[in-house]
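Each of the next two complexes has chain A plus one more chain, namely chain B in the first and chain C in the second.
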Partner chain A sequence: MNTQEIINLFEDALEIEQNSLSESTNLSDIPEYDSMAKLSLIILSDDEFGKKLSGEQIRDFKTVGDIVKFLSAD
Partner chain B sequence: MKRTFISGASKGIGFALARRLSDEGQNLLLQASSDEGIDRLKDQFGAKGHLFWKSDFTNPSSITNELEGLLRDFGTLDGFVHCVGIRSRRPLSLFQLEGMQAVMNANVVSFVETMRIITKRGYFNPGLSVIGISSISAHVGSPGVTAYAASKAALESSIRCLAAELFKKSIRVNGLVCGQVNTEAYHELMSSKESEADPVLQRQYMGLLEVDQIVDAICYLLGGSSSQMNGTMFPAHAGFLS
Partner chain C sequence: MYAWRCDRLVWAVDAGDASALLDYVGWNDQLAGVFITHAHYDHIMGLNELAAAFPDCLFYASDYAIAGIRSAKMNLSFYHEMPFEYHGNQCLTMPAQGVELPNGLGVVYGLPTPGHNEGALTFRFHQHFFTGDSFIPGIPVVTKLKSGNKQQNVETLLALRSSFQNDAQIHPGHGPQMMAHDLRDEHFPDLLKRPLR
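Showing the complex of A and B:
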């Protein structure tokens, strides 16, 4: 999955408009990025990428790009 | 010698209960779903003469096919404690039919199917006491916990119905409503949570429960001192629901 596809998946999970986020968007500037959205991210990471995402890792993410980097790393 | 069947005996509450009852000299039928779970049981109890059963309760037909044969070898039951409980946290937008079915099967359908078999004539002793481990999730809604909470609420309802149906056979059926308990599963859950503090513990004002406190409550429900209790949901939630 390329960067844009991952961002679109994340937008889907947050139920926000497609292509409204970029890698540099700060997570703290996204009102929809609440605890349910974080739970969705944990599940997407597991379902779609087979990667376990811990609460600690989630708390370290600052930008959308951090999430993309984590999900696309080998 | 008393005989008790513990489902989900390889970890947490079930494991601690198995240790307690084994120390008291009971004969146990101990179930787990994985090879690691069965190995753990054999390591701990291999020399005690208990019976071990590997079975995946997300597919309850394994109970239908295997439990009667096991009980014929094991003997008539005095107690059954259903500790198997799959947790699930998933927002509705990521709901999966198979996931919810697996949770319902393991947490409640397997309980009812086990009850059907163990309450047949010849498989239990009068006074059989049954306990299903429920959760505060059955009583208070929180986002993302739909499947687990629904399964525990269904478990509690099935316990009340079975209690009313089975008392004529001298069988008692009760539930234990647990708050957060200091188990491996609890710590796993917390490490996967997005927030650092556990919001449940703010409401569970007497603090995190220790496994031995839960085992004390189960032993009370199993034993003769609770002989008048049937169809109840015994509180073990350290104030959460008060």
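Showing the complex of A and C:
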């Protein structure tokens, strides 16, 4: 899965328009990135990538790119 | 969670907290049925305890919710690191014609209200509407989680709004209860571009 596809999945999880985010978007600038969206990200990570995501890891994410890097890492 | 008692039989809507319901059920009473609005963990976590205490009690839910009751991933408890599943045989698909309570009490109907969660039901008993998380007055409905659907949510809210008569009482899954005649546009934030008729 390429970077744009991962970003699109993240946009789906947040229920925001496709292609509205980029790797450099700060998570703090996304109003939809609330506690429910974080739970949705945890589910996405587990279901689509088979990766367990902890609250601590989520707190370390600053940009959309950080999430992409985590999800796409081997 | 809500419960009511009649002739030593107790009926409840949702079962997130077994201890509160067990406290409500008197020593000589029977828990006869629990109506499950949807299978998110905070609405079902008490089922194992209730099933053990009342082996004849039936848990009424949609087929999707029954699958969720049996899957920690579907009911989201897995992601909260407190996996919960119930695998007993007391779950029953909510009948389309409703469930008739004994002694002429009336019928509990299950109205499909997807949006927050597929298979979500609002239960209507006379003019009492138990909406679960499909409608919480004043709070936008969460549709970001598994099987949530924004469009279905709008359709559900429109359908609910038109089915509430003035004397209806709304019992949401969280927050205060309300009378339908007190509902205003702002209680349906997801419909704000669609004013009340």
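The definition used in the following text is that the second predicted complex is superposed on the first by the 74 of 74 C-alpha atoms of A that agree within 3 Å, B and C clash if a C-alpha of one lies under 4 Å from a C-alpha of the other, contacts with A are read in each partner's own complex, and residues count from 1 in each chain.
As a convention for this text, a residue touches a chain if its C-beta (ideal position, glycine included) is under 8 Å from a C-beta of that chain, and two chains touch if they have at least 3 such contacts.
This structure is a prediction, so every number in the text was calculated from the model and none was measured.
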### Message
Please determine, from the superposition on chain A, whether chain B and chain C clash or fit.
### Response
clash
### Query
Now for A:E56: first (chain B), second (chain C), both, or neither, which partner does it touch?
first
### chain B versus chain C as contact partner of A:I42, first or second or both or neither
both
### Task
In the overlay, answer first, second, both or neither for which of chain B and chain C A:P31 touches.
neither
### Summary
Across chain A, the partner (chain B or chain C) reaching more residues is B
### Task
Starting from the residues of chain A touching chain B, keep only those that also touch chain C in the other complex, and list them.
13, 15, 36, 39-40, 42-43, 47
### Message
Under the stated contact criterion, what part of chain C meets chain A in this complex?
### Response
73, 76, 78-79, 142-146, 150
### Query
Which chain A residues qualify as touching chain B in the complex?
13, 15, 35-36, 38-40, 42-44, 47, 52-56, 58-59
#### Entry: chain A - residues contacting chain C, complex
13-15, 36-37, 39-40, 42-43, 46-47
### In the complex with chain A, residue positions of chain B that touch it
89-91, 93-94, 143-144, 190-196
